[in-house]
Structures are given as C-alpha cells and as structure tokens.
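Working notes, structure below.
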C-alpha cells in the first residue's frame, strides 16, 4: 500500500543529484503540484527525464526557471525558450532523444530489458556513438534502458492501493515512468477506496506506487 | 472500418503455409470459434505462434488434432499431450520460447522494433545461436521480433470501428498479437455501435483490426 | 499568391493524397491545415502522437479540456470511435507501420529522400520530438513546404546540408510551385503550378528534376 | 512423514519468508499451497503471470468465470484492488524486478544457485512457460521441493546436470528435511527437520552443505 501524504512531505524523496522522471506532454498530464513543490526546494543538480520542459515558468518549466536542472533528457525543448537559452549558456546539459525512443527506453527500464533495436535515428546525429545492427536487411540502432531514482506521476483517479487511471491525452508518459523508477510518487486528482476501480480498467497497477498525494489540497 | 463477416467466410484469410498468431492462455481468451473453423479447413502447413496449445482437442488443441500445424512457436505444450507426441514423431517442429520473451517478441514486431535485450535465457539452451551482449555488467540475449501473416484474436466487446475490450485474464496475448500481424481477425462476444466504448477504456484501437466476427453465431 | 494562398494550395493538394480508411498523422503548422480539405467520402483517422486516434477539431469556446490536447499542446476533441493510449503504444503505432501517411514540414529534402527538419546548428535546436519516428515508421511520408526558404534559397537539394531527421524516407513533396515524387534517388515533377514554367521551377530547385510523362497542372480553383 | 505432511511443512515454512507488502508469484503445484499459510498481518499481493495481480482463492462452486483463471488454467478470483494487464505488461512486471518473491519447484538446484526445472531430455519437454523469466526477474527466488527425487537421488547438487532454467538465481531452498540458503556459490544449512541428523541431510545432498552458526530446527508443530 502506498503512503498517502502531502506534496510538501513527499517531495523530500527527491534529493540533490537525483534522477527524476516527470510525466506530461507540454503541461498536459504533468503533476504540476509536485513540480511546484520540487521547484521550491532550492535544488540545482537534478537530472530530469521528460518529454519536454513545458512552457516558460509553467509545468516542468518551473524547474528550469528555478535552475533546479543540471541535466535534461527530453525529446523537445522548443516550447520553452528558457530551456534553450540555459542550454546555450551551458547551465543545462541537454540530451535530445526521439520521442518514440524516449518512451521505449523508459519502458525498457521498467520491463527489465537492457535495450532494443529501433530504426529511428539511423543515419542521423542520434546514431553517434551507438551500436548499429542489421536484421533482415534493415538497419537499427541499439538504444538502452533509461532508469530513474524517482518518478513524478499525474493520475486522474487513484485508489488507496495505488491503482491508477489516467484521463484522455494526459496519460502519455505517466504509465511508463511509473514502472521505471525506484520510487514512484503519484499526484492524483481523486483518491478513492479500494474496490472502486474496475480491475479491467486499471492503467497502472498499484504495486508500482510508493507514495500518493492529492493533486489539489496539500493534506492528501 | 473492419469488415464484419461470418467465421466461415473470414477464415479464408488464412492460407496453406500462413503464419498465424492465436491469442489465449490455455483456452482462456482463445478465439475458439475461429480456431474451430480453421481446424476444419484441411490445412497442414500452418506455422502457429501462441502461448500454449490448449488442451487435447480443445482450444488450439483442435488444430493439433487436425494435423494443421507444421511449425509451432510457443512457451508451453505440457497441457496438451498430443502436441508432445506429434513433436516426438516429427510431425510438428516446435520452438519453445520463454513466455516473457514470446510476449515481447510479438510486441516488438507490432512496435516496429527489430529486437530487444533480455536477461531471460542467459546460460540456458535458449541462448543457443543467439547473440549475447553485456550492458552495465549484466548479460543479455538479443531476441528478435516475431511477425505473422494473420492474427486470430478473442475480444469481449468490439465496436464497429474495431475498438476492442478484453475481459479479465482473457486479455493475455490478444492485444500484442493484434499489433503484430498483417491481417487481424477478431472474434468478439459482442459488437456494439461506434461511440459506445469509452476511448479511455479501449484496449486495442480499431486501426489494427481488419475483420470482425461475432463469437457465438456465425452470421456476424 | 500570398502566404495564406500558398498554404491553402499545399494543404488542399496534400489532402487529395489521402485514401479512405487511412490512418494519418499531421504535423504542427501547415500540415494541420490538411485536415480541413479532406474530400467528402474519404474518411481518415487522425493520429496524435501524444496519445490517441480519432483527433477531432478544436472544441467550441469554453469547451476546452486541459486533458485533451494535440501534439502542439492545443485543445482539441476526440471523435466517436477514438481511443487513447500511452506514449509507448503511440510510438508502437507509429514505428510499427500502422500509420499510413505522415505529413510534415521540412527545412531541406534531397533527391535520395533524405529529410532535414529539426535543427539548424547554432541557431535552432528545439529537439526532434516525434518527427524521427514518424518519418521512419509511416508507410508514406509527404512533405508540405514552401518551395524556397525565407531567404529565397532552394529547399529541394541534391544533398541535404543540415542534420538529418531521417535517411531515404520522403515519398512526395508538395509546394506552392509543384508536386514532386521522390523515388530511388530521383525527384520527378508530377504536377506544376501553371503560374510557373518548368524552367522557373527547376531554377528554384537545387536537385535535378525529372519530368513526369504525365505532367499535369496543379488545381488552383478558387485560389487566385 | 507422508507426502501431504511434507508438502504442508514446505509450504508453511516458505510462507514465513514472505513480508508484508510483498508482490509474490507462486508456481503451480506445491508453491500454490504457500498462499494458504501466510501469517496473519502479512498482506501480500499475488501475481498471476497470465495477466493480473490480486489473485484470490478458488471461487465457490458455480461461481467460476471462464475468463478468470490462474497460470495453471484453474478458475480463480481477483481480490478488491487487483488489476488485469496483457502478457507483455505481466512479464514487464516479472522481468523488471517488480515481483519480490517467486516460489517454484525444481528438478535440480546447485551450489551456484543454478536451477533446472523445466525439462528432462528425451522424456519431459513441456516448455518453460514463464519460469525462466520469473527466476531471472524476481528479487528473491525460493525453491520448494522434496529433498530427493522419486528415485531417492539428491536434487541439491554440486553442479546441475539437466538443462538449466537459469544461472545463479536461487536464494533459498526449502525441503522436508531442511532450509538451505544459496549464496555466492555456497549452500548453507539454516534449519533442519529435527527428525533428521545433519549427517543424514548431508548424505541426502550432493552439494557441500555449510552449517549456519545459528542452525535451528524447523517448526513441525501440528504436523506429526
């Protein structure tokens, strides 16, 4: 059973130097309350793995503004000009990863696989330094699993066992990241009793969830 | 939109020599009506990819009894003694694959990946003839994608666009196989109108489904 | 033609390429316009790489849903029969060849079908997002772009100079001047805007342009 | 001890190894019995590799559901708070280290923790099913087995002879004679059935057995 606590308490799980996965696409499906708490911690050496850095000062952009991110692994930073600026200034080290490869690398980590062969990126700078293999006449890059210390997840509904439902396009990277991190913290809009969710409908089984916090209020 | 037709009509999609994936675990989640039609076709050179061969004469076992299977890729054949017997007699060529590797190889094909690195099977006969790689001190086998010509899928509910819901543990290999075959044939217990399924609940999007047939009656 | 007319011409022409039943991904910007020109009787399913099929139009004002946006982060809707999934499944769909057509813009395209669309070193490095997967995975890649850069330089080159998005993937390029097939290392002019001569189009194209034996005019009806 | 008593002894002792909150996969046969002996106050979540967590007991007669079976194909139930998933996700859970303990039977175990459990060449080749993934992926692998084969030969060997299920994976072996830790190439006797002497257990074991400094008796209460 996950521990249910406030965002302020739970964010202590993230420490200086932690690698943190954060769900969301732009700001859709990003656990903004957890991100806001994290941004207020005064940390400066986080490695953040996410699809994008949201908007300037919004969503994951709050962490960029707070200079909390030392290293960033993402597929797109164009929607937040501050990220590009800090990258050029050398304040943030950025690794850009094709979005499908990013999703699959995260899934790989959760699934106990070491890596996978993808045709994406063959013949591009993405291939630099990577092993290439040919199978049945098609060229593939070997891409490796991407793990994290902590994942910050946004769910729509959670039950007290940590079973999660996501809503519409806010699902995106959240279910993948919930499997790939040592410690999983979920911000849910609603926390319901065990038995209220249909086992066929559950999108992330509760066995992955360590901490649960309610999205709106701060007392869970 | 998938074509809706009877099991008898639709099974013509499978031809002598076809590679056919069939969903199910034991007989749970196996499209038994499609399998029965297929067994009655008098084919003898199918390659079948499935978790197991059901029970003797039941589920996928019907294809074994009918001598329809020339080559079998499965994780377990122990529940159907006829399969083992025909394997020993040289009538069926069997490739045994660890269940997780089988699932992942099928997923790989559907996801456009060439292969993946798994720790499963390292140091066993499963590793024979396979490339081994070490990443961060752990040994992995390179396993390759597994494609099929046709997939036979059992769903609980389908809408007329082919969006599918599975029920309880009858889900198993079905959603994976629905992505990995050239032609996808679904046997659904119930076919509902477009709009009746919640887009958040859909387990297999309709874009994968080519043919739809109703499980119980034969007139779709 | 003004910019708006060019964009309409390109988007409308690309829409003609879509077939009934196609699963289609439309990139941000000009490609998004294609959705408005799909002919009657042609039903396509739009895929949005952030996690669904059945992408519908923008919602009515006040009906926006924070949990339902397209790959550009704009509020959208989902049509009846649509389905949501996570990012791994979304790119399984894309990479696995389950998207029939992807439409996107370009900085450069060359005769081998190489595509550069995601970065200008030292200048613009937004990240590739889903573009690399889309052009590698989709069965057909259509580029919709102005024929020339803002500085008036050709975008259709003998050989791309910018960092590539992918190798040998582009099947068709539609610009305000021409419709050009890219196949086996050759660009072939299929259709031309009647306002431009073949020579003018060739002058605006760095790559060698073969002429189709069935060279036709682009349809400008309603545009001029 | 008769067979039933042996099985109860082994299953009950293994159940003591489970901790509150563990995710546990129980193999077919003897390991399934473990579920009946989990101490009060210890809540574990049972995983069924055919696609769910929250595995519950057999249903009441007449309440069986064809769509809800365990990995042995037997009708079961799902407990409140359980969840279903597909086979890829099920083995992502297993391989990804999200199962804390897996319990299974064995044909042979050796001092290096190698396990043979899935085939006897020329005799029994049922297939490995999910066993190879389970023993590689689970954080802790517990083997529950009789100490000797039906022919009276040791199952705990210096080196396995049968084709392996996996290399260096077994953490603990529980038999009707002993509880044995397998660590860094050494088998250590942690507990013994008081009905057997250390010498008798060593005689029934091909592998060298170290003795734990805290060697204890297995609890036979209620069994004899």
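Quick notes on this structure:
The chains carry the letters A, B, C and D, assigned in the order they are written, with residues numbered from 1 in each.
Please note the rule applied: contacts are C-beta pairs under 8 Å (C-beta built on N, C-alpha and C of every residue); 3 or more make two chains touch, one makes a residue touch a chain.
What you see is a predicted model; the values in this text were computed from it and never measured.
Contact with subunit B and subunit C alike is made by A.
Of all the chains, the one whose CA centre sits at the greatest distance from that of subunit D is C.
Centroids built from CA atoms put subunit D at 56 Å from subunit C. A separation of 29 Å divides the Cα centre of subunit A from that of subunit C.
With centres set at the average Cα position, the gap from subunit A to subunit B is 32 Å.
Residue positions 104, 107, 111-113, 118-119, 166-168, 171, 199-200 of subunit A each touch two or more of the other chains.
Residue positions of subunit C with contacts to 2 or more other chains are 52, 78, 84-85, 88, 91, 94-95, 136-137.
The set of touching chain pairs reads A-B, A-C, A-D, B-C, B-D, using the touch definition from the header. Chain contact summary for the complex, subunit B toward subunit A: residues 104, 108, 111-119, 133, 135-136, 138, 140, 142, 144, 165-168, 171, 199-201.
Contact residues of subunit C toward subunit B in the complex are 21, 23, 43, 45, 47, 52-54, 78, 80-85, 88, 91-98, 136-137. Residues 1, 107, 109-113, 159-161, 163, 179, 194-195, 197, 199-200, 202, 205-208 of subunit B are the ones touching subunit C in the complex.
Remark: subunit C residues 48-52, 65-69, 71, 73, 78, 84-88, 90-91, 94-95, 114, 125-133, 136-137, 163-167 touch subunit A in the complex. Within the complex formed with subunit D, the subunit B residues making contact are 25-29, 51-52, 74-79, 84, 87, 96, 98-104, 106-107, 118-126, 156, 166-176, 203.
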